[in-house]
Structure formats: structure tokens, C-alpha cells
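Below is one structure; the comments refer to it alone.
Naming follows writing order (A, B, C and D), and every chain is counted from residue 1.
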Amino acid sequence: MTTTPLGIAMIGHAFMGAAHSQAWRVAPRFFDLPVHPVMSVLAGRDADRTRAAAERLGWADSTTDWKSVLDRDDVHVVDICTPGDTHAEIAVAALEAGKHVLCEKPMANSVDEAVAMAEAASRAAERGVRAMVGFSYRRVPALGLARDLVAQGRLGRIHHVRAQYLQDWIVDPAAPLSWRLDKDKAGSGALGDIGAHIVDATQFILGDTISEVMGTLVTFVPERPLATSHSGLSGTASDETGPVTVDDAALFLARFGSGALGSFEATRFANGRKNALRIEVNGSAGSLAFDFEDMNVLEFFDGTEDPAVSGFRRILVTEPQHPYVGAWWPAGHGLGYEHAFTHQAVDLVRAIAEGTDPTPTFADGLQVQRVLAAVEGSASSGTWQQV
Amino acid sequence: MTTTPLGIAMIGHAFMGAAHSQAWRVAPRFFDLPVHPVMSVLAGRDADRTRAAAERLGWADSTTDWKSVLDRDDVHVVDICTPGDTHAEIAVAALEAGKHVLCEKPMANSVDEAVAMAEAASRAAERGVRAMVGFSYRRVPALGLARDLVAQGRLGRIHHVRAQYLQDWIVDPAAPLSWRLDKDKAGSGALGDIGAHIVDATQFILGDTISEVMGTLVTFVPERPLATSHSGLSGTASDETGPVTVDDAALFLARFGSGALGSFEATRFANGRKNALRIEVNGSAGSLAFDFEDMNVLEFFDGTEDPAVSGFRRILVTEPQHPYVGAWWPAGHGLGYEHAFTHQAVDLVRAIAEGTDPTPTFADGLQVQRVLAAVEGSASSGTWQQV
Amino acid sequence: MTTTPLGIAMIGHAFMGAAHSQAWRVAPRFFDLPVHPVMSVLAGRDADRTRAAAERLGWADSTTDWKSVLDRDDVHVVDICTPGDTHAEIAVAALEAGKHVLCEKPMANSVDEAVAMAEAASRAAERGVRAMVGFSYRRVPALGLARDLVAQGRLGRIHHVRAQYLQDWIVDPAAPLSWRLDKDKAGSGALGDIGAHIVDATQFILGDTISEVMGTLVTFVPERPLATSHSGLSGTASDETGPVTVDDAALFLARFGSGALGSFEATRFANGRKNALRIEVNGSAGSLAFDFEDMNVLEFFDGTEDPAVSGFRRILVTEPQHPYVGAWWPAGHGLGYEHAFTHQAVDLVRAIAEGTDPTPTFADGLQVQRVLAAVEGSASSGTWQQV
Amino acid sequence: MTTTPLGIAMIGHAFMGAAHSQAWRVAPRFFDLPVHPVMSVLAGRDADRTRAAAERLGWADSTTDWKSVLDRDDVHVVDICTPGDTHAEIAVAALEAGKHVLCEKPMANSVDEAVAMAEAASRAAERGVRAMVGFSYRRVPALGLARDLVAQGRLGRIHHVRAQYLQDWIVDPAAPLSWRLDKDKAGSGALGDIGAHIVDATQFILGDTISEVMGTLVTFVPERPLATSHSGLSGTASDETGPVTVDDAALFLARFGSGALGSFEATRFANGRKNALRIEVNGSAGSLAFDFEDMNVLEFFDGTEDPAVSGFRRILVTEPQHPYVGAWWPAGHGLGYEHAFTHQAVDLVRAIAEGTDPTPTFADGLQVQRVLAAVEGSASSGTWQQV
């Protein structure tokens, strides 16, 4: 086990901060890593809360000045877990300071910001500084297997992609306004928060990009009680109300470069669906289906088999052959939500040590941002929009 | 058991003819009917094949002149099971001759034809002559239950409809041209053949209509081997090829009158999906999910329950309380595909006897036709289209 | 289509009578049969009710004297759908009268009766008279496919069989006594009624027989309200109660001739399970799983495949290659409960016409009866019992 | 966050050692604990391998002398992760030395050993020293919810328990002998290794104990290649073979104290089932079903509901109300295999701090051992055996 340290500074300590902390904590215990991640410092806005979070999450130090971490020699990676409106500033500054960057998705709140970030990443790469976007679902073993099967040609020519990200956490009109419903903070609603994930995941699986979209955005509940405190997903409702300035749901059709047709839907109003990131792919030789609510399973139909015994196979993606799985438990002992973050940390650490660019790159993140912008454009114009 | 006969003439004896024959044969054996359907005469194009079909299917007589059945006193109902290009002529003539009409879907190959049919039905209704479109899936008990739950308010305000009709029978590019791939015969491809079903089924479940659509049509395999014989779904391939003049897949977004958002997809290229008519509905109070490949089940999420014990319930729709089920077997003894046709026959016979208009009416069929035409229009224009 | 008639007399017209009538009615409409079944006469106990049933079910004649049908020249087959206590007398008399016999399961209420029936069948066979037991689940296409896969060696050496038949129709202690809870009429409870089905089905799938059992029987509710009328599964409860003289549930372990281990459970107290006939088979090369509540599906695990893509396949048993399916609908258009009875009628008619013995034979039925008796013996003695 | 340390010594560092290390590492990061677990020292047999494991797993120190940890003041808890033949010696010594003990299951290899351990635990409890058996599946949230529902009376009187633990890791006859197939090391095979889990889990869910059993044990492959190295579950096969001295599969029927009937099966030969711990419970008011291969789900049937809308609900056990879940992620973000070990550590730490006895106690472990012994006795005698 190596003792070469790789110092991490994390900015933000809410939901994503907890997930990323678990990743840094656990990665070196299950995976052979060329360098050893060290949880050096946590940056937040409030000193007391940040100090408490650092202690609970296991960070050696804490600060309320995120810029200060860029000057520290014991920090090699800046891990950005803040809301989207701050990503561009922090990421660009960190890259220019020579720090590797892991940036939560959506990469930015606008294409302009994303362009700036991608350019900064490009300049930094010349100096051996790495940048990666946190599309963590790529690191779910079942989706890694999905990509492998497509890349091996097991699906043949791809005809259809059906992608949905269904949640229901604000279906109650009395659920309070959180920063996630505020366009200034969050950039968009379901579109950027969860739609971005299915855009990335389907492009990742297909090894293809979306070229054209036609969509619509809707806000079912335009006014909500103000939250008395802005804390993550929840908060207590007050008597006053305020406007919801983002979309509750986003639906769009898409054409991929290869000619495949896609149907996309991201919503926070699918009652009873808690985190149903669902993807189906149909090709000339076979099909795939995935639902994150059963995350250790990939369904695969092999269309080349004898029809008498063909059917969608429920592959339990817990075999040592499957992506990332060999480091964990025996077959049948499933993984959970946060394991994808651990895999993400592992891939980033290895890329840094090997001097290669980790994926998804900031250019990949920018491309996703362009898709989201095209959906917004299409929703305004009522026509198809090029990406 | 009544002995008042209700004479049926059926036109066409392929796939749908077999299903309708089973319906007429079986309906009076399980359901109490006010009049007794009699399988009087079968009309087809080829005398020998029609006679053989009549014998096999149990029709008392056969003819190659469909118009002759309109003159027969022992014929009270004309059941139209031919390809769509003949529906309008036959239906209008039958209605004018005072015969009740059951017409397979899609009702017609164009809006103009459908208008003529709806007008003929309207005139006929004044004389007590009934007309019904064969959207048989409405008569699957699980979809009847779905409609009931929505009507009872168990789903609250409807936000989302997700409807797919997925088949794969021409995913092989070597599958031959059949009349279903010929625009002149079939009117359209996946859109009219199976897309029509999910348009009708979702409107039926919601008690609402689609007001606006935006969609696209695609033909993945534009040229196919000519079939040496045109027989139903299959046929033998020859060396020559011909153009596919209909869509292989149709995708569209939809807005319902109530504000609900719909996502629709009909395709014959979903490898491994054999007859996956799938519908999900999400409302403010609950959700529903259905897949015809598990046709005796309706999933229902009751969003008003204690979250600790709430979840999608797999309702086995085989209880005596469920629509149509009481006439059949004890709980847990599921029904099959053709039972919906029997239920359709039962509902038509009862409406005729009671002197009421059976649903879906020809006006309903026309409205579905307008939705399909709007999808085609939208696919051409690249913009949203009013229905 | 043949016009050589094969006259059928059916004895009994409750639940099973309705299912068998549908079989005789429908079989010649979908299958090419060498002779044409004719629904000649229905025998019952009450003249009015039998006449009404005959009319409703489509039998040409009716009688209250079942023995009279044995003298009729237009009767070639006697189809026994009465409670088990009458099977032996009717079947033996019919066979001796030279009539082919289809006898509902369980074949008899005791081994002695079953021996007499098997001997009568053996004597009759010498004269070309056929006898068959109505283990209809053998004719569910998915179970036919299961047997084929085992016979082809796709499962290798069989290690485990897990068979359950779970219902819940008397879980309510207020459900009234019916003839099915009366040992004199029914012979046994869950054991003979539904346990017999899983004994036959597993032996059929494996092509093997049970050699030894160890089990227990239990009656959870020993006293129930008397039914005011004995009609099939239901009836109205009265204030008086009477004893339940059969088992509510039967559990047993079994050893097959080949060394496979079996675990069997038949119960009417599995709340929420309506007709869950479930069978799993595990072999050295693969596994199978079936649940009648999803009757058009067989799950198959091929253990010889690459573990990276292996998993239980959900085979939709609706392909033309599958047993019986080619006669019905296109792929994906599932069958229902009663189709198995149609297949049973088809197989019997063909065996009669071809002069071969239909299976399951009365010898097979006797063997099942011996297994049931061994379970009862074991439940009394508390030890393993040879079959 | 507390800083009062609770020093842990872990004995053994194979599969279970990795799982327990993750528990100690992660527990204080997600749960508020009254004392702070410290990973003080790891004991193993080989110095180099133990030192490497300690470094990788994050233990501060290592030793090859497990007895030495009993003398250390910085050790408060001894966590026993070795094969079963060593449990009794280590546990008794640790308890006598005043160390709290967490002992992996099965608690011991014989009832005699288990009695000694339970007695030692009883004596230790008087001095405030705690002992707990590692039946980790109790800490899967879905099984905690199952127990809660039974305790709340939502299932009514329990009639049936159906418990299976199905694996397939030695279905290949060429899989080498490991210590788990050696009676001297492992005590028994499937019975003790995985059968113990379903005995504990069902008794836990029911709040009841098994009073009587009747079963059989079988060894399908009695001779296997010797492993060239004994490492965990795998190892390389050599040319020599040796005898398998434990059961490959164990099946038994059981009667619970309350009168419920159980059917149990533990096997390593269920091809395609990787870690299918499956439990169904049927009661007069409802039913439950669980499968560890879909571990974040509990199916619940509420038999008191309107039959028109009742069905097994797929409860996604990821709500903040569910046992342990509130400490982790938002709804729909599932947990994995090792989370149960974290919950186990949390419960133990809290019990120690609060001065209460953690469950399952060593008395509970002894009772499970008695059930296993009764199964072995029954398998020998061929009769029912009292526990």
C-alpha cells in the first residue's frame, strides 16, 4: 500500500459532500491505488457548521475561505460539491492554481460558464493538471457493463434509447422552496439536476452524442412556501410563498449522431418513483434495460439467440468480472448508492497518478451543458434545436 | 339464456378475424347476454380460402361479395376486420344499410375517411344503428381498473403519462414487406397500427384528450425483400426488394386538455419486446403502471399512504370485483390476449340490445385519427401541432 | 377440416365443467384435429340446473343419469368433472363401456380407488380405449418448455426442486365449509386439490418420480360456518358450524429417483397469493423458475454462459416455437388459464385418433396418488415414507 | 461528535474482516455515536499478511498473538472474524478478560461450545461486559421493517414461513476444497454457514422460536480437488482430491412455538442464485416477501384492504422512517451489503455505551445452534426432533 499522499480539499458539505467524503475515505481500503488520498481540508460558508462537518466526515482541517485551499501545498485535488452557480469560479481558480479538480454536475449553470471551465481545463491539461465532472452514475457497475456490451457490438446498430429520471420529492405542493427550485442557484430544475445525468449516461453507454433535440419544460406548481432554512433537500415551510423559477419536469426527443432516436424525461413529480433512473437501449442485435431502483441489475436481451430460449436476462452485476466489482464482495452481495462515488474517486486518483485525462472531461461536461441549453431553446421556440 | 339471435357478418379472416371469431363464439358462454350472437356469414376475397376459414372458425356461411351481406336479414352486425384502406367504404355502406358496425382500428387511413365514417355513424345513430371502433385494449381488465381508479380520483391531478407500444417483429432487415409496411394499404406504420392503441388507451384511462403533439417518424430499414405471398404478419422473402412506405417507429410528446404531459413511443424495432404496451400515469395522489406482457397485473402506488409501507402494489386483476373478471375463473386464474375481444363483443351486444351508443364511438375513432394526423403533420413541420 | 365427429359426454358442470366446455368448444377452431369433437351431452344431478348449464355451455343434450351416456352411440369420450369421490365409479364404468375417459384430478380419493381405475384403464387399452388424467398444468406452454429444456440436458444433473402451490381463498376463518373441505367428498384438502398438481408438474418436468417423502399436514381453522348452499368455491355462511376434515396446508420434503431433493408446499392460507403455482429447478448446468401468476413466462438460467452476461432470462413463452403456441396469436400475445384445458383436449383427441395412449395415463395418476398417500402416512408417523 | 474512544481489536482479516473493518470505519461518519470506535489492533496468523491487511484496512497495529490483545488497555471490544472452530476459545477468553465481544456467526461449531460461550456471556453481563452474535442480516433495513410490521400485528396470526438461502458457488464439481467444506473447521456446510442466517432472521422477524424440526442434509459432490492455498472462498485446485465432510444443502420443515409452519432450505447448489436469502411470511392479515438479491425492497400484502386494489407492494425501504435509513441518503438511494455490518456496529456501540445487552445475545446464538443441531439429529434419525 502506497504512502504517497494525495491531498484533497472539498468545497461544500451537504448531500454531495457526504457522498464524496465516503468515497475518499473508502477508496483506498478496497482498491489498490498508486497514491493515497488524504482528506486534508473542508471548506464551507459557516465556520461552526463547517468545523462540525469536518469532524464528523473526517477532514483534518476546515476553513470558510475556499480560496485559501488553493495556496496549500498539502492540497492536490479540489473537489467541488457546492451548488452550480459557484462551480465555474472555483473550478477555474483551482485549475489555474495547479490543482486537479473534481466538479459535481451539472458542470455549470450556463453554456458560457461551461465554456470557460472547459478552456481552463484545456490549458491546465497542458501542465498535467486534470479535471473531471462528477457524473457518478457512469461508475455504477451495471452501467459500465452496459457500455461494454454496446462497445462489443452485442446490441448491433442502435435504434432506440429510452431514458427517464423519475423522482417525486416535490409532488406535494406544500413542499417548500429550496435552492434547487431557484434558477439563480440551480440553473435549472429537473433538467439540470437529473436530466443531466441521463444525458451523460446514455451518451456514455452509446459512445455517441446527441445532435438535435425537441422538448418542453413544465412547472406544475409555480408558487411554494418559503423554506425557513435552506438545508439540502428539505427545510421547514413558512407562511409566505415564493415563485418556483425552474422546471418541475423536462421532456424531450433526441437524435443521436448515429441516427438512434432518444426519448428523455426528467421529473420530480412521478409519484412513487424515488430515484428511478431508467435507461433502455434497443439495437439490431439486442437490448438493455436498467433501473437505478434495482441498481445491481442490468437486463440484457440477446437477439441473436434461439427465440425458444431468448428473453431479457436479469444479470446480477455483482460478479468479479464486472466493472469495479472485484474489489468488493463475493457474487450476489450488492453495492449501494455511494459506491459509484468511490469508483469515481478511484478513477480520478489513477488518472492523476498515471498522467492521463480522467473522463468525463470538462469538454464532456460542456457538451452535456449544450444539450441542456438546446432543450431550453427548443422549449422556448417550439422547434427542433441543434446541439 | 336468451334465444333472440343477433346475426353477425364478419369481413376479413386473418389475425383479427380469428380474434373476433373467438369473441363471438365465447361471449355468450360466459356472459349473460340479452341477445344471442350468431356467426352467420364470413366475407373474404378468395372463395376457397374464405370457405375454409368459415368452416374452421365456425361461420355458417361464406361469400366473396361483402356487399351481399348488407342485404341479408339474418345479419344485424357487420364486423370489419380488413386492412384500413377498406374500412370507410364498408362501414359507411353497412351503416346506411342499417347494420350495426364494429370496425377494427385504426378506424381509417385518413382523417377525411374518418370524418365520413363519423358522419355516417351520426346519421345511423338517429335510426338506432350503432357503430363502435375496435380499440380492444380498453377491455383488458387491468386497463378498465386503471380508468376506474383515475375516475375515482385515486391519482389526483394527472401530471404525467408515459406510453409505449414496443414490438420487434421487423427488427431483422431481411423480414419481408407485408401489407402492413405499405402506406396505401395500412395508412401508416407503427403510428397507426400500435400508436393508435396507446393514444386511445391513455385517453380512455384519463378521461381526457390530447390537444397538441410534437413528434417524429422514422423508417430504419427503407427497403425490404418483397414477400412472395402476403399473408398476415409473415410471408416468404423473395430476391427482389421494395420500398417501405410507412414509419418503423413514431415518437411524440403530447399535451392533454387538463395540462398533463405525455410521452408516446410506438415502434416495431424494440428488440426483445414482443407486445409491450406499457402505460404509466403519475398524479398528485398516486400512480399507475401497466405492461401488456404481464397483462393481468396493474401496478398502483397510493401516494396518500404512510411512506413507511407505501410502494407500487402488484394488483393481480383477477378478482371478481374487477371489470369483466367475474364472468370467468376464480382469483389468480389469468386471462389472455383474446379475452379483450370477447369483452368488446359483450359490450357491443349489450349496447345494441339496450339501445345505447357503445364506446369507443366513431367520433372517438375520428379524434384518435386526428391525433395521428397531427403527429404526421408535426413530423413534417418540426413544430408542435394542434389536434 | 374433418367432419368425423367425436362425441363428448361431460359429467359435472361447476368450475371444471366450464373450463372443459371451453376446451371442447375452442380446440377445433385453432388446432388441426383429425376428428371433430362434438359436445353431445351434459350429465348433472339436478335436471333444471343441468339443462340450464347445457344451454349456457353449449351442450346439445342434458341428463341427470350419468350412466345413460354410456349407452349412447354418439358418445365416444366421457369427461369426468365431478368431485373426487365419484371418479372411480364413473371412470371404471365408462372404460368398461368402451368409452375413452378424461378424468379430472386428483384421479381418486384413495390409492385403492386409483388402483382399480388404473387396472380398468389397462384392460381398456387392450381394446383401444384410452384414459387420461386432467393434470392440466402440464399443458401450460411454459411448463412444456421447462420439460423440453430438462430433457435436452440444458439443466444437467438436477439437484433441487422447489415447488409451491399457494392460494388464500380460505384464509378468512369465516369462509364457509364447502365440499372441498369435506374429506368424504374431496379426499383431502390442499394436498389433493393443489398439492397433486405440483407433484405431477415436477415429475413431468423432470421426467422422474418421487421415491420418498417426509411431510406434515395442518388444519389452521378446524371449525367453519356451514354453507347454506354448496356451490363451487363459495357459498353463503350460516350460523351453524361444522368441522373441517381436510388439511389447510401440506408441506413435505421429497427425494426423487435420480437423487434430486424436493421441497413441496401446498396451502390455501398464503395471504395475497391467488394461484401461485411456483416451481424452481436447479441443476448442474442451469436453473428454471415458474410462477403461474405470470403464466406466460419461464425464467431460465444457463449456467454454461460467460458469468459476465449470465442471468435468469425472462422467456416470454409466446413464440411459435413454443409448445402449443403456434396455433394461437403472434408473439407477445399471452394465453390465459383455460388455454391449458384446450391443449389437453387437443392432445387427447389426437391420441384417440392416432391410437396411442395419452399422458398422463391412469398409471401416472395412480403414482401421484401414491405420493399423496405417502405424505399422509408420513404426516401420521412422523418418519420418511416410501412411495 | 464524541471523542471518547472505544478501542476495537479484530481477530481474522478475510471476507468478514473486510466487512467488519468497513463497519468500524464508517459507522461514526453517518451515525451519532456516544463513543468513538477506534480501530486499534488486528490479529492474524501470519505476520506479514496480517501487517499488510492492517495497513490496507486501516488498523493502527497488528499482531499474530490474539491473546495479547486481551491485555491491552486500548482494547475494549474483541471482534471475532475467524472460522467457527476458534470462536469459543477466543470469545470465552475475551469475556473473562473483561472485553466486550462481537462474534461472527455461526456462534460455534457445536452446542457444547455454544453453551460454554453463553455461560461466559452470562457471567460477563453481571460485570457489565457485553456479547453479541454477528447475525448481520437482522440489520438490513427491509428485515427490520419486516419485524416491525409483524410486531405491529399487520400480519395477524402467522401461518407460514418460507425461508431459503440459495447460493451456487460450488455447483461446479471442480471447485476446490476450502476450509468451508471441512467439518473440523466449519462445523457444518450450508446448514451452519447460511442456514443459520435464515433461522435467525425468521425467528427475529416473527419474535418467535422454532420448537421442532424435521430435515435432511445432502452432499452432492463428496470428493473435490484439494486447494493449493486456503484463501477465503476460492483457491487454486490441485490434482489430488479430498473428501467434502460437510453438507452441500440442508432442507428442513419446522414448527414455531406459535404454531406457524416453516419450510427452510440452505444450499450452495442453486445455479444462478448468488446470494438469494429469501423469506416469505403469510399471516391471517397479511404477508411479506424479501429477497436479498433485491435487498432494498420489502414486499408487503395487506389482506385487510379492498381486494380491488390490494396486491403485494414493492416497498423501497429507503425512506427516512425505515430502520437505520435516515442516517444515509435521500429516498431511493439504496444501500449495499456492507451497510448491515455498519448498523450492527452502531447497535453494539450504543448498547455498550448505554449499558444494555445488545441482541442477538449469546443465548440467542445458542438457541440457533440448538436448531442446527436438531436438524442434524433429525437428518440422522429420520424423525422430527425437538429443539
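Following the convention adopted for this analysis, contacts are C-beta pairs under 8 Å (C-beta built on N, C-alpha and C of every residue); 3 or more make two chains touch, one makes a residue touch a chain.
Treat the numbers as computed from the prediction; the structure is a model and nothing was measured.
Asks: Hey, which chain ends up farthest from chain D, C-alpha centres compared?
Replies: B
Asks: When the centre of a chain is set as the mean of its C-alpha atoms, what distance in Å lies between chain A and chain B?
Replies: Taking the mean C-alpha position of each chain, the two centres sit 42 Å apart.
Asks: Per the centroid of Cα atoms for each chain, what is the distance between chain B and chain D, given in Å?
Replies: Roughly 54 Å, centre to centre.
Asks: With centres defined as the mean C-alpha position, give me the chain B-chain C separation in Å.
Replies: 35
Asks: Got the chain B residues that touch at least 2 other chains?
Replies: If we look for residues of chain B contacting two or more partner chains, we find 273, 297, 310-312, 316, 331.
Asks: Quick one: label the inter-chain contact graph as line, ring, star, complete or other.
Replies: Shape of the chain contacts: complete, all pairs touching.
Asks: Hey, which residues of chain A end up touching chain C in the complex?
Replies: 145, 149, 154, 297, 299-300, 302, 306-316, 319, 321-322, 331
Asks: Touching residues of chain C toward chain D in the complex: what are they?
Replies: That would be residues 155, 159-160, 162, 164, 166, 168, 171, 173, 214-216, 218, 220, 249, 251-253, 255, 259, 261, 263, 265, 267, 269-273, 280, 282-287, 301, 303, 310-312, 382-384 of chain C.
Asks: Residues of chain D touching chain A in their complex?
Replies: Contact set of chain D toward chain A: 1, 15, 18-19, 21-22, 25-26, 28-30, 52, 55-58, 167, 169, 233, 273-276, 292-297, 316, 318, 328-339.
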